[in-house]
Structure formats: structure tokens, C-alpha cells
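Given below, in the form of C-alpha cells, are the structures.
Look for subunit A in each of the two complexes below; its partner is subunit B in the first and subunit C in the second.
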Partner chain A sequence: MVGTSLSQQLENYIQTMHDQGILDYHFDHVKALQNEENPRFLMEVISMFAHDAEAGIAHLTTLLNSAVVDFAKVISFVHQLKGSSSSIGGVRMALACRQIRHACDNMDKERCLQLLERMKQEYNSLKECLNIIFEMERSIVVANETRHRQP
Partner chain B sequence: MAPAFPSGDDRADFGTGGHRQFSFHDIVLRNRLTALVVDGVDFCRLVEQGFLRSCGLETQGVNNGDAAVELIASGAKFDLIIIDMFLPVMDGLETTRRIRALGERCKIVGVSAYIGENDREAFLAAGGDVFSEKPVSPEVLIPILRELDGQYSNI
Partner chain C sequence: MVLGIDASSSSLSNKNLSVLVVDDDPLIRMLHDNYLKHFGLKPHVVENGKEAVKLFQLGIYFNLILMDNEMPIMNGVEATKVLRDMGSTSMIVGVTSRGSPSEMQTFMEAGLDFCFEKPLTFDMIDFILKELNMNDDDDDDTNN
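This part shows the complex of A and B:
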């Protein structure tokens, strides 16, 4: 009996992430951009998102741990992180970013630092999810490439 | 009479994994449409251009407002411009004003990761047409593209 295909396993995993509230339907829109002409698109966007997010979080950590916080710069990085996390469907990370923005509006450094830790936790959950999707996608791409090479 | 475009507020909240009214593949363009995406975040610009291309548009992307204004000033023509409000150096509002000051009358959609109290009004006052929370959804974009493509019949 044929086991669950790699693609079906991936779909099942994505649905689980939907059910857990880690991903929303924006992820599905991004995934739908992948096609035969660009079979690695989803892997590329996941890598790009993670790279940009980690750089942004590092900047935020430095800024918020400064003696005098430049809230305008903090807002700029929070804005970028919210935009990119929303765009990949990372709804809980996006919500955490929104909360940091509110704390910035109140110039509340302590609250910002608390929320930064929460945002990092949400990013780590999202990253773990996206890494699993990345690896599943890579397996699918390799399997397809192997199949196409067979006579 | 053309129908009113949905604003970002008109989008239904579909929640996590809920039923979606549109996808970016739910449109077949009859005409060649072009779009410019102005977004300082590379990842977001990649995704926004991807959505537009999946709808059948030809797209260009720039990462700042100055580059967008220079492109328009050089004579480049677009049917649609999507501008992020939070751009480096020159923000999305000023970029919109300067594009309109050049006489460009195409549809301009403003997007923002965070919508403040007066942001929509400020964008419309700057000459923008539709303001949406980021990421722009098919529910907002598809009706705009259909109107640009002439797919709505005149009443």
C-alpha cells in the first residue's frame, strides 16, 4: 500500500500549523506562488525571511538595551518585522510586533523589552515550523528531480 | 458606473486557515498590465511582485521612494503602483505626493504593516487611491486588477 506522499505530509503539517495558529492563510498565498519554473521558491522565501528577521531582531535587541532608546529606530525595525512576518503568515509573531509598536508609542522601554522576549519566542516557534516545511520541500524537490532524471 | 473598491477595512477576517474568497490565481487578464512595487523590505517586495506576476502582470520593484520617483520621471509607465508607507529616507506618503506631482494618474495602492488612526486619510490626501494593511490580499487586489483590465461592464 502506498504511504502518504511527501506532498500530502507537507499539506497535513501546514494544516496543523494553521490549527495551532502559527500560520495563517497568507502562508498559503505565498506557497501558491511556487510553480514548475521556480520549484525552490518556497525554500528561497523561507531562507530570506529568516535571514531578514534575525537581522531585524538583533538590531532591536541592541536598540532596546541601549541606555537611551531611539524609539523611532525601534519602530522602524518593528515595522519591518511585522510586515515580513505578516507576509509569510506568521500571525502570532506579527501580533507580538504590533504589541511592541504600542509600547514604543508609549515610550515604555521595560514593556518593550518584555514584549521583545515574547516576540523572540514567537519567532522561534515560527522558525521551527518554517524549517520543517523547508526540509519537507527540499525532500519533495529532490524526489522530483530524481524522478525527472530517470529514463 | 464603476464599483467602489474595497478598502483594507472591508476585508473579511478569515482567521487562521479559514475559507478564502479569492486567491491570486482567480483572475485572467485580457490586457497587458504593468505594476511597480515600492518596498524597502526585500522579502516583502519579492512576495508582492510574486502575487502580481501570478495574476499576470509584468512588474518592476524598487526599494526606496527616490528610485520610484526617478523611474516615473524618466517616463516609465505603470498601470498600478504599490507603495509601502514605511520606506527608507523618503516615506511612502511623500513618494506618493511626488509621483502625483509628476502628473502620474495610475492607480496607487498604499500598504502598511501598521495602520494608525489617520494613516488612511493622509494617504488619500497625498493622492493615493486604496490603502491596505500589509500584506495586500487578493480580496483587495483582484477587484482593482479587474477594473484596470476593463472587466467591469459599464452600467
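This part shows the complex of A and C:
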């Protein structure tokens, strides 16, 4: 019974994130890939995403704060972040990445730096949301494992 | 709830299809691998275009190749060109973050059958598998 109410809480939370525009339907697609054979799939995806995103944002920060900006490299990192954030349903972060790409096309360093700050804010909102989902998933996994172990 | 899947892309008809995923991002590789497994496929996964070309050179054939564009060592455009020059008849589908019309056009001109902007969805896979199964049907008709 505990597992069921946790799942319902998770569904409700995900719906709230949809309503706030932080997550789009791609998140639901990813969640639908989880099954009994890979019960921690969503947790793995979230961990990987957070790790890669933070590394990518760090690279972007360094590149954009250089005296002479290598816009081609910036574009490359921005595309990777756009790809991974959109794949996990982080639509607002993906949009911020697209905006940075346009600023790069104009070789506008100041605009890129402004948009980088906005993208970091979107990432922080997304990360907070994904952390909560991660913890809820972890509780569900533990509850299910405990249930299966009981005689 | 299963999204965007109908009977014509059922696991049964997909069992004999071989698929290769080519992407340098480990998260994307994991996602695409699992999306395809959801359709009953067992994808092979590599991290850049050169690895995909190596497999072809070893004589390993794939019905379907999902090809990213931005990759180190050999990107998707180069890998697709090389594969086509070497005579690959696989269906090659580009799945890229670089979604501007000119970038997609350049990628298509390298020899893709289709090109989609990331993220990959169930509907895209559904479409691709239908196209693949249709091609198989055409081959059967020609042979009969």
C-alpha cells in the first residue's frame, strides 16, 4: 500500500511540473521506458543528466568568460546541453540553450553571458524538480524491494 | 499507458531487425537504446562515426542506423558519406540537436534516408519501423 500512494504522489508531482512548464511530455516517454527489468532506470537517467549538464555548464562558463571566445566550441557544448535537456523533458532549459546558439551566431558575447545566467537558472529549477523525483523514485524502489523480500 | 505505438510495429515483426545507435553522448545512447528495446529491438551502440564505419568494414550489416551528427573523431555527416561510398544499403536516420533547416539539409545530403531533430520519440521510431517493414515488403515483391 505504501508503494501505491508513493506512486500516486509522484504522478501528482510530475503533473505539477507539467503545469508549471518545467517538464514536457518527453519526460513521460522516458519514464515509460522503466520496467521491472530496469527499476532504477529513471534514477540513472536523472543522475547522468545532472552530471553531464553540470560539466557542460562549467565548460560554457569558462569558454564565455575567455578574452577571445571560441564560439564554435560554445555552440558545440550548447547543442549537447540542448539535446540532453530536451530528451529528458527540460523544455525551458532547452529553449535557453537555443537562445544562446542564436547569440553565438551573432558572435554577441555579452548576450551569450546574459543568456548563460538564464540557462543556469532554468537548469537549477529543473535540477530541483528532478532531485525530488529521484528521491520519490528511490523510496518507491526501496518499498518494492522490501515487499518482495517479505515471506 | 503506451504512447504512440500500434500493432504494425509490434515486437514480433521487429525481432529480426538489426539496429545500430551512433552517438557520443552516453545519456543519449542509453535513452535511444532503451527506446528501441521498448519496440523489441536489441540495438548495438557505438560512440562515434568511425566506430560505425569499422563495423561496416567488418562486414556487419544493420537494417537501421540511428546517426547523431555532432561527434568527435568522425561526425554523422562524414560517417554517412563514407558508409554510402562504401556501398552501405542500411536505412540511415539522422537524429541531431542541430535542427536548423540548413544543418538538416547538409546532413540529408550526406546520404540519410530521414532526419529528425532530437529528442527521439516513440512516434518517430514507429514511423521508421513502418518504413523499414515496407521496404522489406517491396524486396519480397521484387524477388517473387
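In this section, the second predicted complex is superposed on the first by the 147 of 151 C-alpha atoms of A that agree within 3 Å, B and C clash if a C-alpha of one lies under 4 Å from a C-alpha of the other, contacts with A are read in each partner's own complex, and residues count from 1 in each chain.
As a working rule, a contact is a pair of C-beta atoms (placed from the backbone, for glycine too) under 8 Å apart; a residue touches a chain by one contact, two chains touch by 3 or more.
The structure displayed is predicted, hence computed values, not measured ones.
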Exercise for the section: Once the two structures are overlaid on subunit A, check if subunit B and subunit C clash or fit side by side. Expected result: clash
Exercise for the section: Name the contact category of A:Leu23: first (subunit B only), second (subunit C only), both, or neither. Expected result: first
Practice task
Would you check which partner chain A:Asp52 touches, where first means subunit B only, second means subunit C only, and both and neither mean what they say?
Solution key: both
Exercise for the section: Could you look at A:Glu110 and tell me whether it touches subunit B, subunit C, both or neither (first, second, both, neither)? Expected result: neither
Exercise for the section: Could you say whether A:His79 touches subunit B, subunit C, both of them, or neither, answering first, second, both or neither? Expected result: both
Handout entry: Touched partner set for A:Gln15, first subunit B, second subunit C, both or neither
Key = first
Practice task
Look at A:Glu36 in the shared chain and tell me whether it touches subunit B only, subunit C only, both, or neither; answer first, second, both or neither.
Solution key: neither
Practice task
Would you mind checking which one, subunit B or subunit C, touches more residues on subunit A?
Solution key: B
Practice task
Across the two complexes, find the residues of subunit A that touch subunit B and also touch subunit C.
Solution key: 26, 28-30, 32-33, 41, 45, 48-49, 52, 76, 79-80, 82-84, 86-88
Exercise for the section: Within their complex, state which residues of subunit A touch subunit C. Expected result: 26, 28-30, 32-33, 38, 41, 44-45, 48-49, 52, 76, 79-80, 82-84, 86-88
Handout entry: Of subunit C, residues touching subunit A in the complex
Key = 1-3, 25-28, 30-31, 34-35, 37-38, 70, 97-98, 118-122
Practice task
Name, in rising order, each residue of subunit A that touches subunit B in their complex.
Solution key: 15, 18-19, 21, 23-26, 28-30, 32-33, 41, 45, 48-49, 52, 76, 79-80, 82-84, 86-88, 91, 94, 97-98, 101
Handout entry: Interfacial residue positions of subunit B with respect to subunit A in the complex
Key = 14-18, 20, 23-25, 40-44, 46-48, 50-51, 54, 84, 86, 112-114, 133-135, 137-138
